[in-house]
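Some structures to go through are shown next.
Below are two complexes that have subunit A in common, paired first with subunit B and then with subunit C.
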Partner chain A sequence: MIEIKIKKHLTGQDTEFELNIDIHIKDKEFITLFGKSGAGKTTILRILAGLTPVDYGFIKVKEKIWLDTERNINLPPQKRNIGFVFQDYALFPNMTVEENIKFAMDKQNQEFLDSILETMQLKHLKHQKPDKLSGGQKQKVAIARAIARKPDILLLDEPLSALDLDTRLKFQEEIKKIHKEFQLTTILVSHDFSEIFKLSDRVFVLSNGKIIKSGKPEDVFIQEKLSGKVKLTGQIIKIEKEDIVYVISVLIGNNIIKVVAVEEEIKDLNVGDNVIIATKAFNPFIIKM
Partner chain B sequence: MQIDKDFIETLVITFKLAFLTTSILVIIGIPLGYFLAYTKSKFKPIIETVIAMPLVLPPTVIGFYFLVFFSPDAYIGKFLENIFNIKLVFTFEGLVVASILYSLPFMVHPLQSGFSSIPKSIIEASYTLGKSKLQTLIKVLIPNTKSSIITGIVLSFAHTIGEFGVVLMVGGSIPGETKVASIAIYEEVEALNYKKAHLYSLVLFGISFLILLILFYVNKKIIKADKL
Partner chain C sequence: MNKLKGFISKVSTSGNISIVEVNIQSEKIFSIIIGNKEEFLKIGNEVYVLFKETEVSIAKDFKGEISLQNRLNCKILKINKGKLLTEIIMQWKNEKIKSIITTKSAERLSLREGDNITAFIKTNEVSLMEI
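Take a look at the complex of A and B:
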């Protein structure tokens, strides 16, 4: 069980607000923090890692107190058993893939190192330096390095945002596998819908430093006022004008679905928006391939 | 033309001074550059100004104050001599100390900018992986600022060999003790002994050229080996 209570005054992009969080996370749970940029998601991860100070805070992880401002307890990052995967991977340029992962281990454990390299499919790259790797490979190393510490919590700060779509989808599976295999408690910062639905047990929606909704992704994001028979959630990747109508391309999982809309409907829609596609009156065909 | 004892001695002193000064500067420069790159202290501008002063001051000003403070009549000079038996005026030790002060910005500036250019997340990653600040400095920061360290070494070394005003005032050009090549050249020219001046200059030119060439060559290899 992880208990997190935080209060911190934050200066956002154009507003000032109070970050005020009180959440409990179960062991081996996969949590996503969702919200607009500047809502305080990354700050929460940094506070958990001990990289950012708070005004008031209490963090308890597996019966161990990491932070208690009232009792003047504040463990430094070195003493908190976390695996932090940074947005820019933060690999050490002077070390090879293997050395990067080894650096995270307090004791030499060749067996565990090999098993990580195997699981992450990094064996053939173990003698490469980071600048020779692709974005996806760098990300793998960053995650491998974080796991090598056998962390109490794995913190992922938008780990897939810099990757192309294909790699991203593959990675979501990968992260799911790792979370299970290494029995981790994972906190992910993301604003990618498909990621959240695929990975998280629970999602916390953050707005101006406060959690405004939480629960299973389906419960949080799909409003029941639609009594649709088919509901799909996805992200708008393109809005095109064709004659008198608009064609909206929506990315749902691995597929792109095109939906026709009139000018009135697209008024509030922008590329990048997360949307629900629902049909009401028709029963869709199911055809075996 | 004869290569005499005086000539060899002077060159040995010159390169010994440059080598010692540069070595000590690496040891001082790394913690100082690290401090300046990451400190949030309000005294940072003051420290930076003091370190950068030799860049703008005439070397004779530094030499003059050095004499004022460290001469056996001055408080600090007297203190050093009585307690530690150290004489800094007209001695080789004094030359080393003065050269360190004089070349300090040439070592600290490249190191400071080298440390500053390392992404913050790399340092934080090391902390979250359980490594202390010292371990991070040795295993992550220094290996990734190699080219800055080499730049600092090259600049300090070259600058120390090229010194004139400070070494003349602090050392006093005592043959076999504090006379370095740059002063010797001046003295030989003044005595219209052009041949000797030529020899000094040529040797100085050759050795300096070689050292710099090797360092730049190594630097190029390092940069190739691990790009940030």
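Take a look at the complex of A and C:
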């Protein structure tokens, strides 16, 4: 169990607000923080990592107090067992993949190192230097390095946002696998709905420093009260005009679904938008495979 | 998507299935839905009635019987003809309704702007949404 209570006055570009959160996270839970930029998501991760001070704070991780401002306890970052992955990979350029991962380990444990390389399919790259790797591979190494510390919490700050769609989709599966296999407790910052739906047990929606909604992704996001019983969420990947109508391709999981729409409906739709596709329970065919 | 506002006037339920009547400017539109736990589906509540353009059929000089319950007497305002599909924009009460039918059918009915027609929508093609 992780307990996080934080109060901190934040000044943004033209806003001022108080970050004020009080959340409990269960062991092995996958949590996503969602919200507009400037809502305080990254600040929460930085406070957890001990990189940003607070006005008031209490953080307890697995019965160990990391922060208690009332009792003047504040563990430095290196004493907090955390794996942190940022949007940019921040690998050591002069070290090989294997050395980069090894560097993060408290004590040498070749067996664990091998199991990470194996699970993350990095074995064949272990002697490469980072500049020889693709963006996706670099981010894999960054995640492997974060796991190598056997962290109590894995913090992922929009780790996939710099990757292309294809790599991102594969990576989501990868993160899901790692989270399970290494029994991690993970906190992800993300704007990507397919990512949130695929990975999170719970999502916290942050606005101006406060949590305004929380719960399972489907309960938090699909609240438009439509009587239709078939509802899917996805992302628009293509809008094409055909005759007098438009055909919109929507990526749902790994499938592409095509939906017909009229001109008026596509006015405020763009490629990349997250959408709900709904139809009535009476319409779909069901065919045994 | 056609989206009209109305008030729920009746809900008939059998097990998991309900037929909801919605009053729109003193006419009724029927929707059949599965599950009726949604709180907004109560008599007197204002709701949106939704149906897709492609589910609106058109009849001209209609005679005889047909099973469809939702029949709206409309006047054609505009016709946008495509190669295969034709969009028909109609006036019904104070609302505009759109239909998309095949161009072949539009020609067979020799639809013109200003024509009085009946628009049919199947009950199971009508969805309801909370306002």
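Annotations for the structure displayed:
In this section, the second predicted complex is superposed on the first by the 245 of 289 C-alpha atoms of A that agree within 3 Å, B and C clash if a C-alpha of one lies under 4 Å from a C-alpha of the other, contacts with A are read in each partner's own complex, and residues count from 1 in each chain.
What we mean here is this: a contact is a pair of C-beta atoms (placed from the backbone, for glycine too) under 8 Å apart; a residue touches a chain by one contact, two chains touch by 3 or more.
Quick caveat: nothing in here was measured; it's all calculated off a predicted structure.
By the touch criterion stated above, A:L51 is placed in contact with subunit B alone, subunit C being left untouched. Of the two partners subunit B and subunit C, more residues of subunit A are touched by B. In the superposition on chain A, A:I244 makes contact with subunit C only, while subunit B stays out of contact range. Contact with subunit C, but none with subunit B, is seen for A:V262 once the two complexes are overlaid on the shared chain.
Of the two partner chains, neither subunit B nor subunit C is touched by A:G272. Overlap of the subunit B and subunit C interfaces on subunit A comprises no residues. The touching residues of subunit A, counted against subunit B in their complex, run 49-51, 76-80, 82-84, 86-88, 90-94, 103-104, 106, 129, 131, 145, 149. Residues 224-229, 243-245, 260-262, 265, 278, 280-283 of subunit A are the ones that touch subunit C when the two sit in their complex.
For subunit B in complex with subunit A, the residues that touch the partner chain are 119, 121-122, 124-132, 139-140, 143-144, 225-228.
The touching residues of subunit C, when paired with subunit A in their complex, are 1, 20, 31-35, 38, 40-41, 50, 53-54, 80-87, 98, 100, 124-125, 127-130.
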